[in-house]
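Single-structure report; data block below.
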Amino acid sequence: MSTATAPAVRPPSNQSSLRHRLAERGVDRTLWLLLPAVAFIVLLFMYPFLYGLGLSFQPSHGGGIFGNYAAFFSDPYLRNTIWKTLGLGLPAALFNVIASIPIAYLMRGKVRGKRLLTTLLVVPITLGTVLTAQGLIMYAGPTGWLNTVLLDLGIIDEPLTLIHNWIGVFLSLIITGFPFAFLLTLSYISGIDPALDKAAATLGAGPMQRFRTITMPLLAPGLVITFTLSFVLAFSVFPSAQLVGDPTGSTRVMSIAAYDAAFQQFDFPMGSTMAMIMAVVMLVVIGLVMLWRTTLYRGATGGKG
Amino acid sequence: MTDNHFRELRLDGVSRAYGSQNALNDLNLTISGQEFIALLGPSGCGKSTALNCIAGLLPLTGGSIYLDDRRIDTLPPEQRGFGMVFQNYALFPHMSVRKNIGFGLKMHKVPKAEAAKRVDEAVALVQLQEHQHKAPGQLSGGQQQRVAIARAVALHPPLVLMDEPLSNLDAQLRLEMRMEIRRLHQNLGLTTVYVTHDQEEALSMADRLVVLRLGVMQQFGTPEEVYDHPANAYVAGFMGYRNLLELDIVTADAEKVSARGKHIALVGANRESVTTGRAIAAIRPEDFTIGATDGNRIEVTVDIAEYHGRELSVQASTADGLSIYFRTSERVAPGDHVVLGVPAHRVLVFRSDNSIDADVQQTTEDAPAGVGAGGPGTGR
Amino acid sequence: MSTPTRELPSAASDAAKAGPRPRRRVRIWAVVVWFLLAFFFVNLIALVASVVVDSFGKTWFGGWLPSGFTTRWYSQAWTEFGLSHVLIVTAEVAIIVVVLSVLIGVPASYVLARRTFPGKKFLLLLFVLPILVPPITYGIPLATVLYKVNLAGSLTGVILANLVPSVPFVILTMTPFIEQIDPKIEAAARMCGAKTSAVFTRILGPLLIPGMLAASILVLVRTVGMFELTFLTAGPDSTTLVVALYNSVFGAGIRANQSVDAMATIYTGSMLVLLVIALRFVNPTQLVARGGDTGKE
């Protein structure tokens, strides 16, 4: 009985019910507004990326589909760019995040001059790595003000070699990276409800204990994000490694090698291969960090965050 | 463009589903012109869904809506010409009070001079003359809601829909605004559909009210009908029958039922033609009297006595732990043993429905703001 | 019962004894932190100042200051690097990128803020990727593709490349902005008889202007400062100021270092002007953090 009536009842409403069912899941005409953005991301991001991926399997010097990858990993000069990149990116990101914590902690409440400080810190980021590099060449060079001061104060006898080596690139990564890490950390730390700190104080926790048991655990997931983003910034270091580094030796990072392959030797397949390896290395590091993050508390921090 | 009057608004099997969940199930309702209708129920009962379906803000998944003989459920909201007042006011923050009220007139291309006159009228109606050039953000909650009401009625719409318009206001203001909405409704000859979870609000304002539960209409009637003759235990619970006692039927005829629990025996009016098995006896707290022994008699121990001025609101329990709520002007204290009496015609016996308990429980959790001492509660 | 009563007085006396001491320790620690921060700024200012001073110096071989001051490096840089052309290109690229990314990004943000639909999470991920992945990784394949279709080296190519991080940036900035506009306001406008077009022009439009302004300014600053993508796609006629600066530094030796510094000073000056304008509309953290990921997550 019921099987006989059910189909008889349904047909009239069928046409509208499909539209309804789609509308319920959010599929309606409004979605057309997404079209330009989706077309854009597909054409200018996904397609080039996949094209590059495809290109990396068509080596211009033979060697089968994995020829480029084999060439990269068998040549120590190329292979070592991975370690050089990580050797710059990881310490720089770590330094920036760790240095940000105490300063952000000091500035977490309403502090006079907070806006001024954050404004000043934005300056090096907006100026960018190219200007920082040029500034470092002038300021930290053998006859620059920094060495002049140190020599005049008698702290050193010989000018320090601070540019055209690892230190130069590291310094440039700190100048642009530290403000970035600090501003992010500050926004995370401001998102922690100050009442939690007060509650811990009424329960008898001292300043250090409060920092260790309340602030840090709530801040940790944010710090992980900050670290990841700082790492991404430091990882792609290009202009400063080229300008204040030693682009053929100690600071020959992956981006330089990839650029050289693609636009100096015009071996686009090899350039794409290195770009892909770069992406993979970066994703591996981010993946590991994020995996670790899942072990941390990630709920609400009670603040405006 | 709108004719202020219509004969009837007819909802014909209106349904709305979200995926497999029915938010509103087969609602049939006919509203006459110039009536004030309240849709009443706890949150999640489908009352706001029903209102949004009438407004056109939610498409139906079944059924149709007719205004007189014109089918309107296929029209987009802007072509239905109804006015609507939202719970959180939804004023346009970038427009002055006047511009907010005049927005609908502008959309309907009412000539400027005429529009200005009608905005003046609407502003005067809600007594906001001195605030008319301010931005909505500068007004208090009550004033904002007046603007929202003025905006909704400025077009003289055939139907005004109100979605819990008073629930964001404090208690005192709520009472004032109730009167004011009712006054506007009468003076302007409006037809109003008013959604609320507050049964007191619904009873005091509406000509007729609809009680909804889980998307299904439970009862449709005048406040007196719903209050004095609830259709089932659920409606009774919502209408202040705070004691809902589940008992076993001993004997039952068309008029009377006698039922008993472990330490309790009651005779009541048979309201849902129950015959055998379990039944629910619904009793208002104020229908109990202390010491009166003619009719039903219940022995209880007082647990908590709340002071309410002239009266005490008491929670007590029978020997087997059944909670009984009653009101009394006598002074009782926790631990006192009391004998309660209640006349048989004040005990309404309904069919027992296993899902009621869980459902009424949800009522108290979801809608604490509107339920006073006489509100719904669990009867155990 | 007895444990807490016994411990209470001792805890109180502990607090009384230890009261002033931790406070001083905190202050010393704070002073050290402030000192280090000041050290950072002194170096930063000196770094920028040495570029500026050199650009005005006649010759500077060691010592505190150059041997004399002149402005001739500026006129030299101006002609040598074709700065008027570079500045025009920079302005063109920045403005076109801002307009296009707002036009493409805002409608998408509206849908992402208001709707849930199958595949939304995937789409969000896709929109986040271009600002999460370093530009050089997708810049190389993108430049390769642009070479293939003969767009590399042209102004169009530079604009297309710069759109890749800009559109997602607009989307990530605007989506939370639109989310905080109550959808009931749109419903109210419809109930007043407003058609879709009127809802967009009279209600949403005005409400979105502050957000769009902020997003535009952020994109402007980022595009003017974007080095990698422009560098990879620009030709001789389509270099922006940063890339011209890089080229001049990298090609140094042929030219006097002072004219490179003059150009660096011009770049710094124009960035600072943009920054001052930007900070009138957005807060500093927004300039740095990528769209939605400040403090949230």
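Chains here go by letter, A, B and C, matching the order in which they are written, and residues are numbered from 1 within each.
The working rule: a residue touches a chain if its C-beta (ideal position, glycine included) is under 8 Å from a C-beta of that chain, and two chains touch if they have at least 3 such contacts.
Given the structure is predicted, the values throughout are model-derived calculations rather than measurements.
Enquirer: Starting from the Cα centroid of chain A, hunt down the chain whose centroid lies farthest away.
Expert: B
Enquirer: Which chain pair has the highest count of C-beta pairs that touch?
Expert: More C-beta pairs are in contact between A-C than between any other chains.
Enquirer: Between chain A and chain B, what's the gap in Å when you average each chain's C-alpha atoms?
Expert: Measuring from centre to centre gives 54 Å for this pair.
Enquirer: Which integer distance in Å separates the CA centroid of chain B from that of chain C?
Expert: 53
Enquirer: In whole angstrom, how far does the Cα centroid of chain A sit from the Cα centroid of chain C?
Expert: Each chain reduced to its C-alpha mean, chain A and chain C end up 14 Å apart.
Enquirer: Where on chain A is chain C touching in the complex?
Expert: 25-27, 30-31, 33-34, 36-38, 40-41, 44-49, 51-53, 55, 99, 102-103, 106, 115, 117-140, 143-146, 148, 175, 178-180, 183-184, 186-188, 190-191, 204, 206-208, 221-222, 225, 229, 232-233, 235-236, 238-239, 242-243, 255, 258-259, 262-263, 268, 271-272, 274-276, 278-279, 282, 304-305
Enquirer: Any idea which chain C residues touch chain B in the complex?
Expert: 182, 184-185, 187-195, 198, 202-203, 206-207
Enquirer: With touch defined as at the start, can you tell me which chain B residues reach chain C in the complex?
Expert: So the residues of chain B in touch with chain C come to 55-57, 76-79, 81-84, 86, 88, 90-94, 103-104, 107-108, 148, 151-152, 155, 161.
Enquirer: List the residues on chain C that touch chain A in their complex, please.
Expert: Against chain A, chain C makes touches at 11, 15, 18, 22, 26, 29-30, 33-34, 36-37, 40-41, 43-44, 46-48, 50-51, 54, 60-64, 103-105, 107-108, 110-112, 114-118, 120, 123, 126-127, 129-130, 132-138, 140-145, 147, 160-161, 163-164, 167-168, 171, 221, 225, 227-228, 231-232, 242, 245-246, 249-250, 260-261, 264, 267-268, 271-272, 274-275, 279, 283-285, 287-290, 293-297.
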